[in-house]
Amino acid sequence: METDVLIIGGGPAGLSAAYETASRGLNVTIIEETWYLGGQLVQQTQSFEDMPNHYRQLCGFEIAENLIKKVEPFGIHVLTDHTLIGLYENGEMGISNDRDVFPVKASKIIMATGAAEIAVPFPKWTLPGIMTAGAAQILINRDRVLPGTKTILIGSSSFAFELAKQLHEVGIEVKGIVEQQSDIVLQNNCLIDEIEKLNIPILKNTKVIEAEGKGQVETLVIESNQGPQRIDVDFVCLDGGRNPILEAFLIANCSLSYRKILGGWVPDYDLNFETSSEGVYVAGNSTGITSKAAIFLTGSLSGISVCESLGKINSTEASQMKNLFWEELYQVEQQVNLEGWNSRLKHIEGYMGPNSHQSLSGIGRKING
Amino acid sequence: MTKVNTSYETIIVGGGVIGNSIAFHLSERDQEGILVIDKNFPLSGTSGSTQAWVWVHNKTPASYAEFSMYSAELYPYLSRKIGDVEYKRTGGLSPFFTEKDLEKAHKLAQKYSELGIKIKVLNKEEVLAKEPSLSPDVVGATFSKVDGNINPFRLVDLLIRASKKQGVAYSYYNRVLDIERTENAFIVHTQKETYLCKKLILAGGAWSKELGSYLGIHVPVKQVRGQIMVTEPLAPLLNYTISGMRQAINGEVLIGYSMEEVGFDRRGTLDVIQETANMAIRYVPSLANANVVRCFSGIRAMPKDGYPIIGHVPGVQNLYVAAMHSGITLAPLIGTLMTELILDGETSIPIDDYSITRFQEPVGQL
Amino acid sequence: MDNTTIICRCEEINQEEIEEAIQIGAETFDDIKRLTRCGMGPCQSKICMNLVSSIISEKTSHPLSQVPVPRLRIPLRPIQISTLATGSSNFSSVKSVMDEVELDERR
């Protein structure tokens, strides 16, 4: 199979990249492992502050629907239930749909495989009923199945707070959000008020001792300075944070760098989001986890860069568009996650050399100043 | 980095199965001052990415098969000394699918019998009786009782533990960067330290060429990649070690091996994995339904003519080399013979055929 | 955390086994993998990679940026041999032992 642009991952980043490339006449193929497009947005019923302007009022699955509609007219080859599984000697990507394995020859590849959740280990955390926060969210919002009736959340990112709200909404008793540290650090402190209003306890300075149960979690033992406490639950949600999924990048032999703030190991890339492997681009959470806006905007940026390199837009037009997207990203992130923005620029600098992002006209100066 | 001069009687460069077998056997008899240096952690080289058959038959010339057989015979004793390396003498079957190979097999059996190595040539019915899961397309097979396999991870781990008990020192993540010769010693420069030693053994596997070059010695070893496919644990399926696949104790089947000259690139490629899948089904049709959970690849240290390079390096006092393919099969014997050579000056089984001198290239330049 | 806590759920490897490997000199995920099988399960280390890296970093005092990610193995997902197979019976680089038998004595 041959295509101009091969996009791995049909989440918001992949779709944003698909829009930019397909709408400019390129032949685009999306490979998506699940049976649907939209990625992790599909189970998100909340709306987000840190979004590009035109998405602000919408909640996750609506944005996904929006994006899918937006790319529909351009005749993209969408291969759902298809997974990248390896590489051929000549550099072609190996794709499989469980019945067959075949090579895809592409002029450019955009990898937008998203992020994975990190587990939180403690004694007996492998008991059935203990799951990641994302898994619980998928069950209630996408599959419409309740994982249980009473739960506790371990870890306190804004995602845990969002999820606690959603669990409460569907009638699950949330017995607390457990945090080992003495502080809760959120981009949006309103969430804390909302959770307190729902009478969900926020348990700071609290450690998990162990889980108990016969063949299924029944009790979670936690400990604070007031001593140990046994909480009666029938499922537990773990929020250990997220990090970029690296498999596709390792397959393509892309170099990586470690950036704690971006989520751990992240593929190296330049201002065009091209990785160290020529013709292989990156988008979305795979570029580092900073804000929601970055997911869409990095998708658009990689898409524009691919169009430019395949001669679909000239370089003046391309750099104008790229500057707009970068500017928008800066506008959002300076409010919600300046640390993430700076870390991303440092990441690019680490790969491209000092001050390599100066070309972002006004924007570059804003960071350094 | 602080540079300290530490002295050892013997330094072994390379902590794979070969370096460690030498360390173990040598320290059994002479516990003074042995250091093993590895640039990574043991098993990061070829010994950690191998099929790990202890394989004798089908090797040619017959004298090389005989040499391998002696090593296989040593495994039960080695196990008794260092612990359970999961050595299984399953017997080895080499199936073939053409009449031409049948002829070849008979000739091979004849050659072997002259040296007292017993292999049987089985016809189709006999093969299928022994190994019913093989394809009915099989024409025949050669069979040898001494063939089997081991767990290479346990083998190296247990060799190290036993050697440590016998006083061997280890230094990991410490690459040898250069080696100098003085009149009666070697100065080994590494990432972490500079060492002095009287005797030096190069057991650097696929990196032997580089190690030799520090001393101006040409060790003609090239790199040959091999990719292997591993299934999920399956119910008992194979009774024997088949030349092409084996079933490990936990039920996983390790399938295939390729020969690719791509330098040190250890990535896997689908071209080879798909070919390996074809081979799996051709040999054992019921494997079609098995899931592959991972593939791995390793870089063989392949001497120019395929045969081991072992022994003393002529012209350089107290310098020894041990680089080979089939190092898993040969490890117990190599450890034993190198120890004899170093401590007694001669070996109980001749190793002249495997001397580095056979390459007729300028060796020691001092 | 107590050291019987499972770290690799696919292969049921606990904290203690991982710490023991580190104690004898392992510094990377792959070192530990070869000694303990941690990471060799069906998820191919997706779940345990981060947990193991944190333990390595803590025990060796190497920053996480110096704990390399494990070598990636294809296929990315478990896959049936029949799906992988192409049906061809020409083998270019995959060998059988019989191919290597050379009857002319060279020495």
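Note that the chains take the letters A, B and C in the order they are written out, and that residue 1 is the start of every chain.
Convention: contacts are C-beta pairs under 8 Å (C-beta built on N, C-alpha and C of every residue); 3 or more make two chains touch, one makes a residue touch a chain.
What you see is a predicted model; the values in this text were computed from it and never measured.
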Pair with more cross-chain C-beta pairs in contact, given A-B and A-C: A-C
Chain centroid nearest the full-protein CA centroid: C
Distance between the centres, which are taken as Cα means, of chain C and chain B, whole angstrom: 20
Interchain centroid distance [CA atoms averaged], chain A/chain B, Å: 45
Whole-Å separation of chain centres (CA-atom averages), chain A against chain C: 26
Two or more partner chains touched - positions in chain B: 268-274
Chain C residues counted as touching two or more neighbouring chains: 74-75, 79-80, 84
Shared-contact residues (touching 2 or more other chains) in chain A: 85-87, 94, 101
Touching residues (chain side chain C, partner chain B) in the complex: 24-28, 30-31, 34-35, 40-42, 44, 71, 73-75, 78-82, 84-89, 91-98, 100-103, 105-107
Chain C-touching residues of chain B, taken from the complex the two chains share: 40-41, 43-44, 48, 55, 58, 60-63, 94-96, 101, 104-105, 107-108, 111, 142, 153, 157, 160, 170, 172-173, 229, 231-232, 243-244, 256-260, 266, 268-282, 287-296, 305, 353
Residue numbers on chain C that touch chain A, as the complex places them: 1-2, 4-7, 9, 15, 46-47, 50-51, 63-65, 69, 72, 74-77, 79-80, 83-84
Sites on chain A touched by chain B in the complex: 85-89, 94, 101, 103, 253
Parts of chain A lying in touch with chain C, wherever the complex brings them together: 83-87, 94, 96, 98-101, 116, 118-119, 121-126, 210, 240, 243, 246-248, 250-251, 256-258, 260, 264-265
